[in-house]
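Next, two complexes with subunit A in common: one pairs it with subunit B, the other with subunit C.
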Partner chain A sequence: MYEFLKNLDRRWIFMLMLLAVAIPILFELTFPEKPTGLAQAVFDEIEALDPGDKVLMAWDFDPASEGELGPMATAFTYHCATKGLKLYYMSLWPVGPQMVDDNIANVIKTDFPDLVYGVDYVNLGYKSGNEAVIKVIITDIRGLYTTDAKGTSIRDIPMMQGIENIQQMDLIINISAGYAGTTEWVLFAVTPYPDIRLVAGVTGVQAPLLYPYIPEQLPGLLGAIKGAAEYEKLVMDAYGGDIPPERKNKYLKGKLRMGPQLIAHVLIIVLIIVANLVYFTGKRRGEVS
Partner chain B sequence: MQGRTIVWTLLFVLGGLFLVLRATTGAGMAKVYVKPVPTVVGDVSWTDHELATPGEYAVATAADPNQTDIVLSFWRTFGVWVAALFTLAIFSFLYSDNTLYKIAESIVIGVSAAYWMVVGFWDVIVPNLMGKLVPNMVKAWAMPGLKEDAEYLYLIPLVLGVMLLCRLGPKSVSWWSRWPLAFFIGVFCGLRLTHYLHGNFLNQIRNAIVSLVIVDNGSFDFWDSLRSVILVGGVLCGIVYFFFSFEHKGIVGRTAKVGIWVLMITFGAGFGYTVMGRIALLAIRLEFIFDDWLWLIDPTNQRIGV
Partner chain C sequence: MKRLIPLWITAVAGIVLIISYFIPPLQSWGEDAAIWFDVLAGIAFILGGGNILKIHLKKISDRVPGWGFSVILLTAFLLTLFVGLSKIGVHPNPLYPTYAWSGYYRQNGTPFWWLYEYAFKPLTASMFAMLAFYIASAAFRAFRAKNIEAVLLLGTAFIILLGRTFAGVWLTSWIPDDSGFAGLKIENLTVYIMQVFNTAGSRAIIIGIALGIASTSLKVIMGVDRSWLGSGEA
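Here is the complex of A and B:
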């Protein structure tokens, strides 16, 4: 057994991982979720807003991280649209506007057909410059955004009337896959202007790096697909009653993706234990220095 | 025939057979439907195409077999096939490096670079530079909704941009690119220095100054107090580990050892989160293959009635 495990081709491990993720997806395996404090804090920040309040939805991600961040984006849009908030979408990533369009098509156009583009929500599109964009729009949004993503002058967009800068937003929701993202929003928006409220949903890789900002600079944080699943539960428990059952799974994608997570994590734990056993057995036999 | 060749041949033949069967029997697979939507901006109008589900197409066709409100999109269907085959080509690297993987990788890099360039041109150079300098021309040519007046201050970024491109020219002018570069570096150094100092240094010190004994409604809150003690203790021990002016012996050595544990736990948490992220990426690709391409699963009920 020791010899077999010592010389095991790593491609068998890849195959095991593929099966560990594929089988739960095929059988739509799910497990119950219990929201943690950080997900509750994100939910509470949005709950504290009143209908008509302005929310900047900064979608700083691309298709590469859609698996982790897409469910959060869907849940954020659903939650904000249900509460009747005004949604201002923008992105610091070139493919971000497509992510916004997907979100609008999947949530607003299907479940909130009464909401009007330009009155209830707007897609301001992408601007290059990373943190420099934040630095400008924090005091003068019209200096950079002359049109929305479709080319309509922002002077002709009703919900942009009177908006001079993003300090006028009641909340900023950022979904971040890396640079530029939540760190830049914290450093260039929240830190110099502490009245700005920011909550974020981020990839797993970034989450530990953002914990030091909690709770002063970042009141709420959804970390990876686990954070998405917890937030989905809070939103669906509060507002999911009206959604027809055949459409409900659209808002539970984070929960659906936690099934493969659990099985894959169990596999990784088993592999780590087995690898350590092989290592220490080799050490005892004098084969490993 | 080598073992690897046999494996590849078998995979291709079985995979091909499965795809032919799947595509030609039952409801089929990988079809994308769209709804044509007329769009008007200013004086210009065109037709957008919004995604429709196969279920919506089935319902519309059952009601009227000649309907054109929802139609099959050849190019989007082709896109699903390309995305699926490229996903498999990239996955094939896990078996071994091969030509399909290299082709897919090269195309992804090329397309990404081109996409960035096109987006940069249409989202930044056209509205934010040309739109400021020659708004009437841009309005007539590209952005009918634009309503800006000319701002000649934007000649400065234009000149800096042209100077940056001089790097590609002969040696006599290539040094001009150093001036805009120096400007950018100076601006970003200044911006980042002040904001990082403020947000990551001063604010972090303030965030670490917390009460070690938490009293909530007159009663001692043990768990919140413990959390504060761990927070402050962890910060101090972590800092002591990076304090190299004294030899790590005695009390300093023991504190630094605790600091190493704090760092290791942090790295472990980071590793755990990273694993979660990578598994999510694999899950979304497999979901795409099973749901959008092969139509083996339907978690969001898009194909009810198909």
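Here is the complex of A and C:
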């Protein structure tokens, strides 16, 4: 056994990981979620808004991180649409508008067919320039956005009437997979204009780097699938009662993805323990220096 | 002149951005500079495209090992560019029906939409998903409790890995929530590690980075550091 583990072919590890992820997905293995303070803070920030309030939905991610960020994007849109907020979608990532389109098709067009494009929600699309885009739209949104993502003039979009800059937004919700993302929104929007409220949902690798901005610049933060699952629970507990069971699953994707995450995490811990046992056995035998 | 003009542009843009931040009446100068930057960033895509063409056409021409990948890359690049820019299959925007190219470039059913949905999306998602396999393999081969620092790192990693799942809650569910030991529950330990140790370390790193950026930026603006101009050789 020692020799087998010492020279373990990595394809065995790949197979174990495949099973650790595939089995919980196939059997829809789920576990209870207990929301943490940060997820509760995100929920509370949105709850504090009144119907008709304006929310900037800055979707800064792409299909590569959809698995991690898609569930929280779905939950954010559902929560905001349920509360009757005006949704202004935009992106600092080139394929961000596609993620917005998917989100709109999946949530708004399916479950909120009464909402009207241009009146209740709009996709402003992508602009190049990363943080420089934020720096401009914070004082003059029309300096960059002359049309929405579909090419419709801003002048012809009813919900853009009277919108001069994003300081007029009652809340910014940012979903970020990296640069440009939440850090840039904190540095170039919230820091110079402290009245702006910002909450975010980010990938697991980004979350530790954003803790220093909590709670002043960033009152709430969802970290990866775990954060999404916690937030989903809060949203579904509050507003999920009326959704038919066959449609409810799309609002519980985070919870569903926590099953594979648990098994994969346990597998990694077991692999590290086994590798250390092999290492110390080898050391005792004098095979390792 | 080739080096002097970029140096002057950098110095003027940098100084304008700094004074516009600290002197409120001059704020609009900073906004103008940011708009110039956004326009340049758009143009940079064209330069980037030209660079891709130049590098990969040379690889194909020289028949360097792996030149076949360059052929695939250029074919995919040019095909996507063509169907996207020419808006093949896109209907005009209903608000502007007389303008043939006024439609949404990603309209459902168009070739560009098809490329995004059935090529780009699954490919990028698959690439990212493969990380799970490499992380597992790296965990098996790299993490060794060789010294105290490594033991601390491993212990912290175990707590965070468990604390980010229900396993953490389940393992220490026997500790009552209202007892004096509730802080030792894995989910609470995870929050404590992230909010105290991680935040303290991250803040120190962020402050250090900010100071480094400020000093480097000043050197670039003043023209002391000219390394970004390159060697001048084509």
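We adopt the following convention: the second predicted complex is superposed on the first by the 289 of 289 C-alpha atoms of A that agree within 3 Å, B and C clash if a C-alpha of one lies under 4 Å from a C-alpha of the other, contacts with A are read in each partner's own complex, and residues count from 1 in each chain.
Basically, contacts are C-beta pairs under 8 Å (C-beta built on N, C-alpha and C of every residue); 3 or more make two chains touch, one makes a residue touch a chain.
Just so it is clear, the model here is predicted, and its values are computed rather than measured.
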{"item": "Overlay on subunit A: subunit C relative to subunit B, clash or fit", "value": "clash"}
{"item": "Partner chain in contact with A:N249 - subunit B first, subunit C second, else both or neither", "value": "first"}
{"item": "Touched partner set for A:L8, first subunit B, second subunit C, both or neither", "value": "second"}
{"item": "Touched partner set for A:Q261, first subunit B, second subunit C, both or neither", "value": "both"}
{"item": "Touching partner for A:Y279 - first (subunit B), second (subunit C), both, neither", "value": "second"}
{"item": "Touched partner set for A:K109, first subunit B, second subunit C, both or neither", "value": "first"}
{"item": "Touched partner set for A:E216, first subunit B, second subunit C, both or neither", "value": "first"}
{"item": "First (subunit B), second (subunit C), both or neither touched by A:Q168", "value": "neither"}
{"item": "Partner chain in contact with A:K150 - subunit B first, subunit C second, else both or neither", "value": "both"}
{"item": "Stretch of subunit B penetrating subunit C in the combined three-chain arrangement, among 5-13, 23-31 or 41-49", "value": "41-49"}
{"item": "On subunit A, positions contacted by subunit B and by subunit C", "value": "14, 17-18, 21, 64-67, 95, 127-129, 132, 135, 144, 150-153, 156, 192, 204, 207-209, 212, 224, 226, 261, 264-265, 268"}
{"item": "Touching residues (chain side subunit A, partner subunit C) in the complex", "value": "8, 10, 13-14, 16-18, 21, 31-34, 36-37, 62-67, 95, 97-98, 101, 127-130, 132-133, 135-136, 139-140, 143-144, 149-153, 156, 192, 204, 207-209, 211-212, 214, 224, 226, 258, 261-262, 264-269, 271-272, 274-276, 279"}
{"item": "Footprint of subunit A on subunit C - complex, ascending", "value": "21, 27, 30-31, 34-35, 37-38, 41-42, 44-45, 93, 95-96, 102-104, 106, 116, 120-122, 124-125, 127-129, 132-133, 135-137, 139-141, 143-145, 154, 157-158, 161-162, 164-167, 169, 187, 191, 194-195, 198-199, 202-203, 206"}
{"item": "Subunit B partner contacts - residues on subunit A that touch it in the complex", "value": "11, 14, 17-18, 21-22, 25-26, 28, 64-68, 70, 94-95, 105, 109, 125-129, 131-132, 135, 144, 146-147, 150-153, 155-156, 186-188, 190-192, 203-205, 207-209, 212-213, 216-217, 223-226, 246-247, 249-250, 253, 256-257, 260-261, 264-265, 268"}
{"item": "Sites on subunit B touched by subunit A in the complex", "value": "39, 41-42, 50-51, 94-95, 115-116, 119-120, 123-124, 127-128, 131-132, 142-148, 187-188, 191-192, 195-196, 198-200, 203-204, 206-207, 266, 269-270, 272-277, 279-287, 290, 296-297, 299-301, 304"}
